[in-house]
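Below you'll find the structures, each written out as structure tokens.
Consider the two complexes below, in which chain A is the common component and chain B and chain C are the respective partners.
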Partner chain A sequence: MISKKVILTGSFGVGKTSLFNQFIYSKFSEKYLTTIGVKVNKRLIEVDGQELNILLWDIAGEIKQDKVPVNYFAGAEGILYVFDVTRKQTYDNIEQEIEYIKTLIPHAVIKIVGNKSDLLDQAALDALTQHVDVPIDCLTSAKTGDNVEQLFEILGRELIHISA
Partner chain B sequence: MEGRPHTDLENEQLKLEKLRHILMSSEREELESLRTDIHDPIRLAGLVDPLIDKKIIYLKENFPDHFGRQVNDLVETKIAASHDELVTVLYPVMGKMIKKYIGNEFQKLRESLEERISQTVNTPRRIFDTVKAKVFGVSESDMLLKSIDRYQIEEVYVIQAGSGLLLGSYSVNETLDRDLIAGMLTAIKSFVEDAFSRNQDELEMIHYGSYKLILQSFHKYYIVVAVSGTLTSADQDQISNLLLDFASQELKKDFSQVTSSQSDVLSMRLESYFSSQLHKAK
Partner chain C sequence: MIRLNAKGTQVTLFNERGLLQSTAGDVFKEPYQIGSDLCTVFPLLGSLLPTLVELTISDAPFHIDAVEGSVLQDGIYDLSFERVPINGELLIMWVIHERSEYYTKLRKAQQRYNEEEILRQQKGESS
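Now for the complex of A and B:
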């Protein structure tokens, strides 16, 4: 079994904590982060017969240099950049923010996740790819649990692959 | 107009006016005197001051009956509104009081121990302690207290710097999930160092109740030791030496990949090293 640090990041209110709770506890929760702006939890998953211990850091708020301690990103090998499919402002600056993350952790696997997919119909979800500046890796719903497990499976597979 | 003779009505009014003038002359004089009193501050003060003094004395004696409830309400409102300020002011004062209280209680404990020591029979241990106390010039109760209050290493964590991934751990008791402890300790360390990063300083100790967490940073990892009991600077020095020795002996590997097998081996080494070192220290 290998252990990896994965960070959940993205704008305020996109559902990072709900995704975190859905993945860790498999139930929808409205709990908030702790005082220092980060919550750490873990889950053991199995991908292609290999055990992976994911230490998931749920970081509160925006990825701006002055808002989140840069040290929180240290040593992370996976990044889940979450945006809200119903709010344009949560993916308006996505390209610059991904570039910024790459300057902090150049070798990390980054996945772009559109959350709250349960709030849009299929046509709107299809159209979304034209409005977001970077390719979307996964559309999830933390509320229904849709695609949450698959998201971590995709990420886990890549993390194991780069370790091999 | 002057040439015109007064009418009957006008004559009546003039007569009435003269009569009023005659009848109310004393009242008019009294009114004038009152006016003078009111407009002359010194005279007014001479009249009013005794009355006010009397009222003040009355209020002093009966204040709680008249205003007690309002004052209580006001104080309660003020206290509620200034809770934080009050706590800030009272905290150091209470701290000193508690410290003094604990000091007194410790003195009582010491006296009680001395009394009990003097009552115990002369066992070989007692004779040894008595001789040791005489040789080192300390009281037996102090020695006994020191032995009771000695620090104990409860947990040791070796954590990858930055990522917070647990490389190995040793714990005297069962604890929460160690991976999560390592992660949250790293988050706290990162937060503090980021918030106060003036001279590239590092977080070295966290106090929590009777627990102290000693953090010793190395290049690619850091070690956290959770200690209970009283920790002197000599003890800290001793723990620091233990950590340096352990690191130089056991942590030479490259920990870029964190695996469970590696973690199990390191945890076993931590256990054997720290339990043996602690036996030696005792």
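Now for the complex of A and C:
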């Protein structure tokens, strides 16, 4: 069976831990508890009839050279870069952040995720594409679970193709 | 120097396939038998094994800091991994070291900072 290490990253408070909890435990909490360091768990998914073991890393904080220890990224094959659709500051520097991640792990599949989609209406979500400098791969809500399964399916499909 | 009998410490040896060779300490919630596949028990280890087997004996220990895990006693731990030759086999030595007090303080400070910063950002946007 194929196993892939996937990392959730992005600014604080965007919903990385909430996506982790929704994907692994189907749970959501309104309460914000800042992540320190890292938690890892796994879930087996099926993509196009093939089983894939996702080893998911929920890490703390922002990607800045000295803030997130580079070791966390070792061996990662998938990156979910999460921003908060309601907070501009979480996607303002997205292009540089992605460039930096690429220098850490050049061959990883990177998906751009706008989370908290439940807080905006469709028009505002549509308008986002003009404000975010990189193509958005998926809009999710860790709260309602909207698009969370789809997100991992999209990523999983690409990860399987790469190892094929 | 790590004292093997220190509280909040676990020292484990495993081979390149992730199979337990020896362990001592009080951090694992459950006892594991020699030969257990640690990668299935610890997803973190499962995803790091390919990186760890690349380490050589002359490499500095590989650190993963501030880890929480359901198979470890409640707390926050620093992990380090290094290659050690034992009885003609090149094993991986994994040291777990508890640092809950330090990280709990850090989390509180970080939480306060993050909450204030998020509020500030939200205010800035609505004005």
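Here is the rule we go by: the second predicted complex is superposed on the first by the 156 of 164 C-alpha atoms of A that agree within 3 Å, B and C clash if a C-alpha of one lies under 4 Å from a C-alpha of the other, contacts with A are read in each partner's own complex, and residues count from 1 in each chain.
Convention: contacts are C-beta pairs under 8 Å (C-beta built on N, C-alpha and C of every residue); 3 or more make two chains touch, one makes a residue touch a chain.
Since this is a predicted model, take the numbers as computed values, not measurements.
With chain A as the common reference, the superposed partners chain B and chain C clash.
Touch criterion met: A:Leu55 reaches chain B and chain C at once.
Once the two complexes are overlaid on the shared chain, A:Thr129 sits clear of chain B and of chain C alike. With both structures placed on the common chain, the touch criterion links A:Met1 to chain B but leaves chain C unconnected. In the superposition on chain A, A:Gly13 contacts chain C only, with no contact to chain B. When the two complexes are overlaid on their common chain A, residue A:Ser163 makes contact with chain B while staying clear of chain C.
Legend: residue contacts after superposition of the two complexes on their common chain; A:Val38 is shown touching both chain B and chain C. In the superposed model, A:Tyr72 lies in contact with both chain B and chain C.
Chain A residues 3, 5, 36-38, 40-42, 55, 57, 69, 71-72, 74-76 lie at the interface with chain B in one structure and with chain C in the other. Across the complex, chain B meets chain A through its residues 160-166, 177, 179-180, 183-184, 187-188, 190-191, 193-195, 257-260, 263.
Residue ranges of chain A in contact with chain B, taken from their complex: 1-5, 36-38, 40-42, 51, 53, 55, 57, 69-72, 74-77, 163. The touching residues of chain A, counted against chain C in their complex, run 3, 5, 12-13, 32-34, 36-42, 55-57, 60-61, 69, 71-72, 74-76, 86-89.
Across the interface of their complex, chain A is touched by residues 42-44, 46-48, 50-51, 62-70, 76, 103, 106-107, 110-111, 114-115, 117-118, 121-122, 125 of chain C.
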